[in-house]
Amino acid sequence: MFIPNTEAERNEMLQKVGLSKIEDLFSDVPKEFRYPDLNLPEAVSEMEALQNLKDLAIANDSTEDLICFLGAGAYNHYIPAAVDAIISRGEFLTSYTPYQPEVSQGTLQAIFEYQSLVASLTGMDVSNASHYDGATSAAEACVLAYHHFRGKRTKFVLSRYLHPHYRETIKTYFQGYEDIHIMGDQVEDGMQTREDLLKLVDYDTAIVYVQYPDFLGRVQDFKAFAEQVHAFGAILAVSVNPLALGLIKPPSEFDADIVTGEGQPLGIPLSYGGPYLGIFTTKNEFIRKLSGRLVGETVDNEGKRGYVLTLTAREQHIRRSRATSNICTNQGIIALTSAVYMSLLGKQGLKKVAKLNYDKAHYAADQISKLKGFELVNLGSFFNEFVVRTPIPVNELNLLLLDYDILGGYDLSTDYPELKNHMLLAVTEMNTKDDIGYLVETLQEVTND
Amino acid sequence: MSNPSNFKFAKTDEWVSVEGNVATIGVSDYAQSQLSDIVYLEFLVEPGDEVAKGDSFVTLESVKAAADVAAPVSGKVVELNEALTDDFEAVNADPFGRAWMVKVEMSDPSELESLMSADAYTAYCEERDH
Amino acid sequence: MTEPTIFEISSPGRAGVKFPTSDVPEMDVPNEFLRAELPMPEVSEIDVIRHFTRLSQLNYSIDTGFYPLGSCTMKYNPRINEVTARLAGFAKVHPLQPVETVQGSLALMHDLQNWLGEISGFPGVTLQPAAGAQGEYVGVLIIRAYHKDRKDNKRTKMLIPDSAHGTNPATSSMSGFDVVGVATDKNGNVDLESLRAVCDDTVAGLMLTNPNTLGLFEQDVVEVINIVHEAGGLVYGDGANLNALLGVLRPGDLGIDIMHFNLHKTFSTPHGGGGPGSGPVGVAEHLVDYLPCPTVGILEEGSEDYPPLYGFIEPAKSIGRMKAFYGHFGMLVRAYTYISMYGKDGLKKIAEGSVLNANYLMMLLKDTYKLAYDRLCMHEFVLEGHWPDAPGIHALDIAKRLMDYNFHPPTNYFPLIVPEALMIEPTETESKQSLDLFAEAMIKIAEEAKTQPELLKSAPHNTPIGRLDEVKAAKDLVLCCWIPERNT
């Protein structure tokens, strides 16, 4: 199967090693523990394995079976066929981290282009080669801020409308730092405003984290907010949906210092939550504090342009216990996926797809707002997600919708107790006008008692 | 490059040159050659900061390595050679001159006694090369 | 031939994808939010396909040749994994769907938790960590939480052998521990005296890689674990080198408390040019309550007539969430596929094949290159890349010259305790023929080092590009393509 040597070859090799049987290779392994009996299924052939996996896959209802209106950090988008054609190439898929630049120019140039595309899309000076996902990018941004102020500023102010998983991840990352205070996302009455958040910012604040569009789908202007944060010398970090930036102003325009985000909307399959793509970009002044890989342009011994991993002295394999992050992978093939997607769509396609999302979401919001018992919660401008007050609890409503093959929106009461009966709906280019009409009819039908 | 005879040296490859109560500190020629081409230099202290012997006050990075430069004596930082942040090549080109890093007003000049003379340091470097 | 960047081949007006005409009314975006400039490339589909295909051809990969990278386990990545991970039922499933609609995914994750636990001897497994380094972080945070929970607050020291990967000390200091080194003895094992000397009631744990990065099995491993346990510390097993032990030894049986797996090393998920990884973590019984949340469990037991209902469970004293959602699910599908094809009796053939290949190759090379530790190795071994009669030749030169023979170089300059280290891991998926050819090249290069050293110094000669100026890259930082629109 995947082990080529025959028994005859193995015996010849054993002889060369000077042993008589395979088990002798493991003479250092304590005998009483050697060769345990494993309680695992018997081996299967490729044909059987594929069937078993198909059986499991069929037990799921996919977005091919259901009409999807669910978002909340992961979105159902169209992925052009050329994306998979490129990332399936063995030369990309089965290569190692490009530590040997002479035989890794493909990966290196692709990452360099990824960095350039992401920097252009976010409007920031520099992008790293990616982190694990939107949540760990946010945690790494806090690590950066902590070290930027050499541990002297100990407050992290997080918007309540930063993705709940991101806030939890930041807390997990910092549980070893007993001097750090994470605030801003405590349960309050009513909606938290930008002013509420600013009240928490002071000269002890290292970083202020907001999301754009935020977890409720809102697009807000953070220009004045940024000035206030900067007046205290704190770092302003913004988590984005990169696809929205094809249409709306990038956070660089309101002077964000760090822009992170979940890159999944850029051509990456939903894949039940991963692997996704942690976008991480900053202003130039933070380059030395960036964690994760960076690819830089240089020349070879004949002056030919080429690319290498650079600023590696920041990384764990050199700094060891003095490194500020232990990361030693990037999302490799997933970063490439998004680079191919961004290239294919390009300037026009990114605008177009973002506008389709915008138009369809606004159309759907308008239609739902006309339904009896439903109310569009007017929270200002939005991109492709919006909040609707529902006549019955969201989890109950979603089970009813499933009977009609509709994957309903996110139940906001999961994270916001005050938002009982509030559903966060996402509409993308994948939803036709008919789909939206069907959703609207069905919502009415299942709540019409 | 020979080690200046009027300088004192630490085991961790920093040099000290004393004038009155003020110690000027940098890294030795041996240290820069071990690190190879410096590509980045960052000060970890500001004028007015107190440093204790052994505290890191500068970080140096080459392509292959990162090194913290430690204070060989305790005292108050009175001056940084800020020009080095851009002119970090000086660490390779002129470690004992242009690449001085900080001046420290010593709080305990007796700490100088634990440092090596230029001759002792030269021998110490040769020993490590074999 | 230098491949231009995607920005350089941009031509105004081109597009690579056509989207449907909108079937809903156009809505205006408020001016205050509307983006003015979008400096992205404009290229057609064939421009993109050719550009990235040409880039791919500048890469070395497992699919094109042998990758003897020590500590990285660059084994063949079965193509069936790519097929199963792309099944619509897996690839097109949203992570926040009601659990009733994703029983297939959850059953797969539940099985995989159990399988990894069974393979390694740990009753609790989380699939959440995004990579080995994050798995380590989980492990170290669990160690911290365990001691804190017991009000044992003085345990601030993490012991780390000097042969360890850089992630071990980096992870420990990220989690607030003081890193204390432990020496290696003359046989390449943890030095027991050095270990005893630092073991007291301030020890939180030991991070142990076994086989270690020298490719050697810790001969006193049981004693090492006992010493740490007697001092009240926990033992973390770095699972980077598990390939050597699959089906032969369960690390949990030795008394190790926590261990991470690297699915991209041991369980054949592709490295993808640097990621994504996947780093599940297994823990012993006394640590199950600390696992990150959520893990996958059974919400309602099944019967003969209907299957159980799988769902998410929050461990009682969980350290929290490590990332959004549940882990690198696509990687889990690949690892599941791979394990199912080896089955209960097949996994040991992986360990046997990898250890046999390593020892065979070591035998072919040990007369030409100095062996750092001359004893039976496990899945990898470390050579020294220097000779007294080839002054000026370093491990790096040998590594670069290997590229001219169409081999990827071994890991070099690691582990740090071996001078001019060349660390070689052939994995079980290489044939005897490819090992013989590699050994032949290595022996030829050793000869060249003495007779034509300049051939090595100026290598590589046959690659798409020559040795690159890393100093220039770091000094004149250029991290983005020059984009005309951004610079005008």
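Labels for the chains are A, B and C, by order of writing; each one numbers its residues from 1.
Operating definition for what follows: contacts are C-beta pairs under 8 Å (C-beta built on N, C-alpha and C of every residue); 3 or more make two chains touch, one makes a residue touch a chain.
Just so you know, these numbers come straight off a predicted model, no measurement behind them.
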Arrangement of touching chains [line / ring / star / complete / other]: complete
Pair joined by the larger number of C-beta contacts - A-C, B-C: A-C
Distance-to-centre winner among chains (Cα means, whole assembly as reference): C
Centre-to-centre distance between chain B and chain A (centres being mean Cα positions), rounded to whole Å: 44
Computed distance of Cα centres, chain C from chain A, in Å: 20
Whole-Å separation of chain centres (CA-atom averages), chain B against chain C: 38
Shared-contact residues (touching 2 or more other chains) in chain C: 470, 474
Contacts with two or more other chains, residues of chain B listed in rising order: 39-40, 61, 63
For chain A, residues that touch 2 or more chains besides their own: 311, 318-319, 322
Chain C - residues contacting chain B, complex: 470-471, 474-475
Residues of chain B defined as touching chain C within the complex: 37, 39-40, 61, 63
Contact footprint of chain B on chain A as seen in their complex: 150, 288, 311-314, 318-319, 322
Chain A contact footprint on chain B (complex, rising order): 39-40, 42, 44, 61-66, 68
